[in-house]
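A single structure is presented below for examination.
When the chains are written out, they are named A, B and C in that same order, and each has its own residue count from 1.
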């Protein structure tokens, strides 16, 4: 059977097995409503880790970079968004209410970003169906414009809701920007290094970032962290009637449903965009650079630039994961972003197959599914409230075993293929 | 076509030192457009180092490299490639995890699809571009008689086929200068002949300049003009086959004392 | 002028740097000879410290026969090993010796649990030496086993740098968390008499610190003599310098590699105990992981493959970490690391690639 089909089957199969298994345990729960919500909570955590792994996949699979500090970019995204909202809420809200011009610029910026995202996605679909180039561009542009208008409209309404939305989403942009910028800086400093040097350097970087978040209490509130992070998805879910009805129909909490849906949506979007890039000439260049940088140079390709781009994309994805995380738990503490999160992401990626996007998702489902299943089977304290950085020793040992076994026995991972991309050369 | 006969490549007192070793010790050379220059010399003469200096793999200790009159000494290898210089490698380096056609389609510059925003925001244009590239790659494949291998992984090719692939790949960029590092090393005589026939045809029809570093003296004497002999990091002599063959210093360098 | 306030961090830094130096020597050899930047080195340190703690507890509880037997086994085993490791697979005798030691180790742990279930009690000064020796032996055993079971097969398959780093990451996770599962997550301490400090011109140096410096100096001298005078030591240096050339000269690479692991394990286990002594006799399961970045910084600063460079690097990094503000000590090590990588990637004593 063709490889693409087989990969999708593996993905589907993993989903069914893991979530089916988990729901069996949920059947034993007396409270029916909780069962569905529990599954959705797991789905959310899986989505966050899938995003992390996808980001790492771009960095490691395509650019061959060992980024042991990946969690730092997640933390920068999360802290960037949270700190900004905390400090700026008081400035942005009245500005919007008073119709200050720069506030409109902010809304326009956010709307533009959304519009571009929708345009990129729509274009992929449109160009397959529309015969002529211009028709495809036209359709995609129209959809993008519609998205931008909608975004502007929902953020504009005078009153705290609209203004708060604008601040929060600006915080998102800033969080992603901060993380991407950090990726750029780290890349410029470290990309010329050999793989293991880069691993050490990035690990050190993440430890320094951790120390900074812990010690610079003026900005980050130190070890207590930032407690009341706004949760736009939550708010939306509790105020939108059709969402509440849908949730009631399925016997779950509307907030859980909305969160999981958002997580899945983000993963899906990231997947589409990454697959597009990977299949395109851009991905081809990176493949070439990964295999033989001298040959790529002889063909006029600037290896440093491409590696930087890969690193920045990975950082941006990590930032999105971080923001989803804090919207889920409504607080940010430095201990949420410990190195173990990076190691989990590596295990997920290695298990699924380095450089394979479906593999990253499969790995996330498997590893987190196994954790949850194990947590249900035994009553060992495996988890508290899907707190992703909390790791009992058993999980960590499992993760370590996974890493070693995959390296020794199946370097291409579960979904990857030997010729295309694997840990070995 | 640009002036046949003008200087396309020039080095001015080029030197490269590794610690105490003077690998290239002041080589001044002018290469005319449209020629097939051969660089020969005994082992250790500094040919490969000189070649790498031309290609941009090494930075010289001193001296200059000029391409089409512009100073490219400070430019990295990839920038020189962008200017119109192509190179092949002594040990073939086909990108083995990509197919033959992909190897070729990778080569040209300026593809919108290679920019990160291209596939996302200009997808129809990228598709259009890819189709044109595919056609060009297929043409190149038929020129080199590699068509039936188009979808095979490059790693599965024979040594000789990989050499052809490398040359084809370099030509996809429409370079004005092609540097070839021992193109005939480890290749059977028939294929070597075929390779050089192609080179000569390209030189005649498209006016591409070639510079070869080679050990196969017979082939060099037969086809190259001018021939440059290097020894101990210096240019010993430059001229046509007859002159070089007869020159006592050349015979001395090859047969006589140490390099 | 308050000289002592300035000198105190220097003194602390030198002591800490000595510990780092011990760790770095082993790592730089592993890195240089095997091309393996093992992230598990820090956790090996933790392992060594905890093993010493385990043996100390059983000795504390009064077990006499067990440690005596173990001591004998170690001495014989190590002597035999050192002498006869020239076959690719270990000869039968060595295998039995190692197996015996592993069994004794397991018995020792069981004994402790049997006598005082659930409580780890630490050790006393009197038996600290023996406990340390046993801990070192256990670490050596672990490292040799890992070499045979993990690293050698991977090398034979031609694993890439990427694969090796990932494998070492997995190993680090397993080691660290297995220790946590076995000993519990709380801090444990070695029971010792309270550490006395004396003041020299206002600078306080404790007994533990003097011990550390003295031991480290002795060990480093020993390593120097080993490297320069013995056949194996010279072979190690040759291999670190130029692997293929050394092989061509008839050096049995696999045998020397095992010796490298033995040396590295012994040094890092000792460093673990010394670190514990300098940290108020306490052990934490992440004590090794916390110093892995400084160790790497020391290795890179000194130049990969150069044990002398590692010694110097360790001291410099240790000083840097103690002289700067305490909250950001890792940051200083990181800065040293980055500076080396950017300015002089081959380190002080290394050679340009």
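The rule is short, and it goes like this: contacts are C-beta pairs under 8 Å (C-beta built on N, C-alpha and C of every residue); 3 or more make two chains touch, one makes a residue touch a chain.
All values reported here derive from a predicted model rather than from experimental measurement.
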item: Farthest chain (mean CA position) relative to subunit B; value: C
item: Closest chain to the centre of mass proxy, which here is the mean CA position; value: A
item: Centre-of-Cα separation between subunit B and subunit A, whole angstrom; value: 44
item: Separation of subunit A from subunit C, taking each centre as the mean of its C-alpha atoms, in whole Å; value: 38
item: Gap in Å, rounded to a whole number, between the CA centres of subunit C and subunit B; value: 51
item: Where subunit A touches two or more other chains at once, by residue number; value: none
item: Parts of subunit C lying in touch with subunit A, wherever the complex brings them together; value: 37, 39, 150, 153-154, 157-167, 169-174, 176-178, 180-181, 185, 292-293, 296-297, 300, 327-328, 330-331, 333-334, 337-338, 341-342, 345
item: Residue ranges of subunit A in contact with subunit C within the complex; value: 60, 64, 66, 68, 189-190, 193-197, 199-201, 203-205, 207-208, 211, 214-215, 343, 346-347, 350, 393-394, 396-397, 399-404, 407-408, 411, 423-425
item: Residues on subunit B engaged by subunit A in the complex (per definition of touch); value: 55-57, 76-79, 81-82, 86-87, 89, 93, 95-98, 102, 105-107, 109, 111, 113-116, 118-121, 123-128, 130, 153, 155, 169-170, 173
item: Touching residues (chain side subunit A, partner subunit B) in the complex; value: 116, 119-120, 123-124, 127, 133, 136-137, 273, 276-277, 279-282, 284-285, 287-288, 291-292, 294-303, 309, 313, 419-421
